[in-house]
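Down below are the structures I want you to see.
Across the two complexes that follow, chain A remains constant while its partner is chain B and subsequently chain C.
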Partner chain A sequence: MLALKILLGFAAGIAFLGLLDRFTNTRSRRLLMVSFTFLGGLFYLLEFVIPPGTGFLGWQAPNPARDNFLSPLIEQIGQVVLVIGGFAFGLGLLNLAALHGRTLLRGRPGWVNSLAFFVAMVGMTVAGLFQANSPTLRTVHRLLFEGLYQPLGASVFSILAFFITTAAYRAFRIRSGEATLMMAAAFIVMMAQVPMGMMLTDWLPTQGWLAYFRIEQVSDWLMTVLNMAALRAVGFGIGIGGLAMSLRVWLSLEKGTYFGKEM
Partner chain B sequence: MSDAITERPEVTAQRRQSRIIYAILAGLMAIFLLFELKLPFLVGPQARGLYEAVEKVPAQKPILLVLNWAPGTYGENYPQTEALIQHFFLARKPFAIFGIDPVGPSLGQEIAARQAERLGRTYGVDWVNIGYRPLQLPMILGMTRDLPGTLKRDAQGTELATLPLMRGVHSARDLGMIIDVTPSATLDIWIQYFHGAVGTPVGYAPTAVMAPEAYPYLQSKQIVGMLAGIKGAAEYAALLQQRPDASLAWKYPPMRAMNAVSIAHVLIVVLIVLGNYQYFTRHRRREEQA
Partner chain C sequence: MDLRLEHASLFVLVLELLLCGLILARIFAARGGRIPFIRRIPGLSAIDEGVGRATEMGRPVLFSLGLGGLDIVTLQALAVLGHVARLAARYASRVIVPVVDAVIFPVTEEVLRDAYAAEGKPELFQPEDVRFLSDQQFAYASGVMGIINRESVASSFLFGSFFAESLILAEAGHQVGAVQVAGTPSTTQIPFFIAACDYTIIGEEYYAASAYLTQEPTFLGSLIGQDWGKIALLATIVIMVGVASLWSLTHGGAMTGFEEKLTGFLQYMPGAAAGR
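Here is the complex of A and B:
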């Protein structure tokens, strides 16, 4: 029943998008996008700034001590956005299937990878969706997820350790005063992270003024004073930039492939 | 063409060097992962802060354990999750697994189910797995106001409101704490919409590379504590070991992994020194020839 509802919802969504495409031109489509973007942003802005207990035309929130008249709509709008997010997954899958399907059907170089994509996608989807109904599929799912996906993911990321180690040997050169400072800070923080590094100053007491010279204490000072000051400055800049960017998106002032240009 | 020919021995030498470094690193890591060494180790204030904050959570308020990690960061996030889950079960703190990464809750389910079976804890009473939801701001806002109404069902399809653990939970105010185990920059969400809006305490368990970004929040007390990478997991394991009711079982013992990371850090430092020595010797030789 759930699968039928999902299929019907998906078909209705596609039909709606098809009708929009058929009966609207570029100008009206843009107007539609701009209006929805503005109304969505306006809703959240008003919900945030209107004081709790405020009503509108007799419409009150069930909990006026905490909410205003717009607050009860947050949950419904949240569900709508979740559904739209689901469509993004669907579109991604369709796009991948179209791309790999073409490579596979035309026998282009790398068709084996495309075949692997389809086998993995179908195998994992079937095993994941129907594992509750079949012990065999449960075993297949465990084999794919725990026996293949998890070790593969961990292995790919672990290769980084080898690259970082060779990069440390080849790229980290003390050519200037700044590089020397960076090297010293990196040495202290890296060694303070691990027991072998802590052994370097383990002979110092853990209490009293001498304790400040223990490597983990020096590292903590670097992280909580110098690093934090720099991060706050960066965070402040990002915050202001984000505010400006949000305003541009909300008011549809942003230009580019995803905003003003036809794809 | 002649340049390519003259460069070849250098490239070959570099490749040979890389292979030697790879072999040394792999060998050392394997030795330190296989054999446990007792090295001096101090528990930092960040891990202690998180441990003590968990201890203070009232028994009727569940902890939301947000697992936003995938197998790529298995080495760090798995031991962190295993340490936290063992603590919740030992201290009888009910918790709900949740994730805005599709894989995280499945990985947490495996750990929680194994530990629950070992320690005799019950699904729905001591723990639940809400599962994955895509990260959308409206959903996060909905969670702060009406958590069971927004999330509706657990990963098995059971109505959240019917589970004993969730009966007293109506909004984010009814959560004892939120702990985000993640390699991504998702901490801001919980600070802005949960700690900032309703005052829910937030704990953080990032990978080591993400940890520096959290220090401003630690100082401002917007997060109660942090487990930074595998070091954080090892510190938490050391704290758990001190409990009188400590009954611990690890799939990947954090202290052993910590020692392997230890030797990798030492190797990196040695290689930086060697690399610089080689660089300056060559530099001096070229200057002398000129």
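Here is the complex of A and C:
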């Protein structure tokens, strides 16, 4: 029954998109997109600014102390994104299959990787879908996921340790006044993280004005005063920038997602 | 303490209206002909150099959109991609875009297709240059590393939301000698990009990209509106520091009761009993 509903929903979606494509021109399609964008944005804006407990024509939220009358719809509206994602996921898979299929059929360099892609995709799909009915497939799934996929992910993550070292070496080479300052700050913060570093200023008292010169105190000051002030300034800029961009998208003040002449 | 994070308090509402009003006012002023001047941003100027370099070397350009979904950050990255793609189309170069999110995939394809068509060279667009790799972080990172190495990209542009994979991508680009420009609002990843890339676009510069690259009045006006918004926020901070100092002076150097009064004010909302 559920499968039938999904199929019907999928067919209805395709039919709706087909009708839109058939019976609308560029101008009306744009009008449709602008209207949907505006209405979607308006819903979230109103849900945010209307005080909790507010009802509309007898329509109340289940929890008036926390929600307004629009709050219960948040989840349903959010599911639209999931549905669109569901359509798009197939496109992603098709793209992968087309790309690797071409490489494989034409015998291009690296065709072995494409073959590995198909073997992995089919193997993982079969093992994942039917593992509940077969102990062998369960073992295969475990082998592929826990024995292959997870260690591979961890291996890529572990490369970071080496990359951090090489990047830090290049960044901290003392070539200018700024690099020297950065090197000094990094040295203090790093030394304050290890017992050996803290031993360097262990002889300073823990009370009184001299305590401010203990390496952990200097490191703390660097992180919570200098660093935090800069981060908050960056955060303000990013926040307002995001707000401006959202406003432009919501009101369709710019053309699509790429550059062109504004509308 | 209930700070009503799920709904706007009166203070938040006023602040949002003020910021939106400032931004919209400047946008419409710019559209009306009052075009402002904006300073040069070296990282964004380097984008043109990066595409030019790729053309001279006969190698492709790599553009990563990061790990974000279809949100504001990725939309801004797509806007920069549109500019890069148009430059690449003009010089008959390739742009390879590895994608992490299946929803972003068709949008990215459309952006690239439109950019090549806008430059009058739709035949140069190769659909296989937009590649959905994986929706898993490190699978995507290793896929991008592979592309960077196999294709020996001449330039690498990293724009969008990045996490732990940022340095992996940037170092892979550095190893093949690519010119790298990165831009992200993810503050935790900015240090990695600064260490590994040639140019890094930080903070609001990320959202200034569209204004700088297109010089369109809407974007320029929006940018000036953002600056006015920052001035308004700065003024609010200065005023609040002044009020707190005054409170301290009038209460014998103590801040007792100030926080309660302030949060009470911030929580105030017509119709809501709590927080008054």
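A few comments on the model shown:
By definition in this document, the second predicted complex is superposed on the first by the 188 of 263 C-alpha atoms of A that agree within 3 Å, B and C clash if a C-alpha of one lies under 4 Å from a C-alpha of the other, contacts with A are read in each partner's own complex, and residues count from 1 in each chain.
Keep in mind that, in the parts below, a residue touches a chain if its C-beta (ideal position, glycine included) is under 8 Å from a C-beta of that chain, and two chains touch if they have at least 3 such contacts.
What you see is a predicted model; the values in this text were computed from it and never measured.
Legend: residue contacts after superposition of the two complexes on their common chain; A:Thr224 is shown touching chain B, with no touch to chain C.
When both complexes are overlaid on chain A, the residue A:Ala168 reaches chain B and chain C alike.
Once chain A of one complex is fitted onto chain A of the other, the partner contacts of A:Glu146 are limited to chain B, with no touch recorded for chain C.
Once the two complexes are laid over each other on the shared chain, residue contacts for A:Val249 go to chain C alone; chain B is not touched.
Of the two partner chains placed by superposition, chain B and chain C are both touched by A:Val156. Contacts of A:Met196 after superposition: chain B is touched, whereas chain C is not reached.
In the superposition on chain A, contact of A:Leu8 is made with neither chain B nor chain C. Of the two partner chains, chain C is the only one that A:Gly53 touches; chain B does not reach it. In the superposed model, A:Met183 lies in contact with chain B only, and not with chain C.
With the contact threshold set out at the top, residues 67, 85, 89, 152-153, 156-157, 164, 166, 168, 170, 231, 235 of chain A are in contact with chain B in one structure and with chain C in the other.
Every residue of chain A that touches chain C in the complex is listed here, in rising order: 47-54, 65-68, 84-85, 88-93, 95-96, 98-99, 102, 110, 152-153, 156-157, 159-160, 163-164, 166-168, 170-171, 231, 233-238, 240-249, 253-254, 257-262. Residues 4, 6-8, 13, 16, 19-20, 23-24, 27, 72-73, 75-76, 78-79, 81-83, 85-86, 99, 101-103, 105-107, 111, 114-115, 118, 128, 130-133, 135-139, 141-142, 150, 164, 167-168, 170-171, 174, 185, 187, 190, 192, 194-196, 202-208, 210, 213-214, 216-219, 222-223, 225-226, 229-230, 233, 269-272, 274 of chain C are the ones that touch chain A when the two sit in their complex. Within the complex formed with chain A, the chain B residues making contact are 14, 17-18, 21-22, 25-26, 29, 39-42, 44-45, 70-75, 103, 106-107, 110, 133-134, 136-139, 141-142, 145-146, 149-150, 208, 212-213, 215-216, 218-219, 229, 231, 258-259, 261-269, 271-272, 274-276, 279.
Chain A contributes residues 44, 67, 71, 74-75, 77-82, 85-86, 89, 145-146, 149-154, 156-158, 161-162, 164-166, 168-170, 172-174, 183, 187, 190-191, 193-199, 202, 206, 216, 220, 223-224, 227-228, 231-232, 235 to its touches with chain B in the complex.
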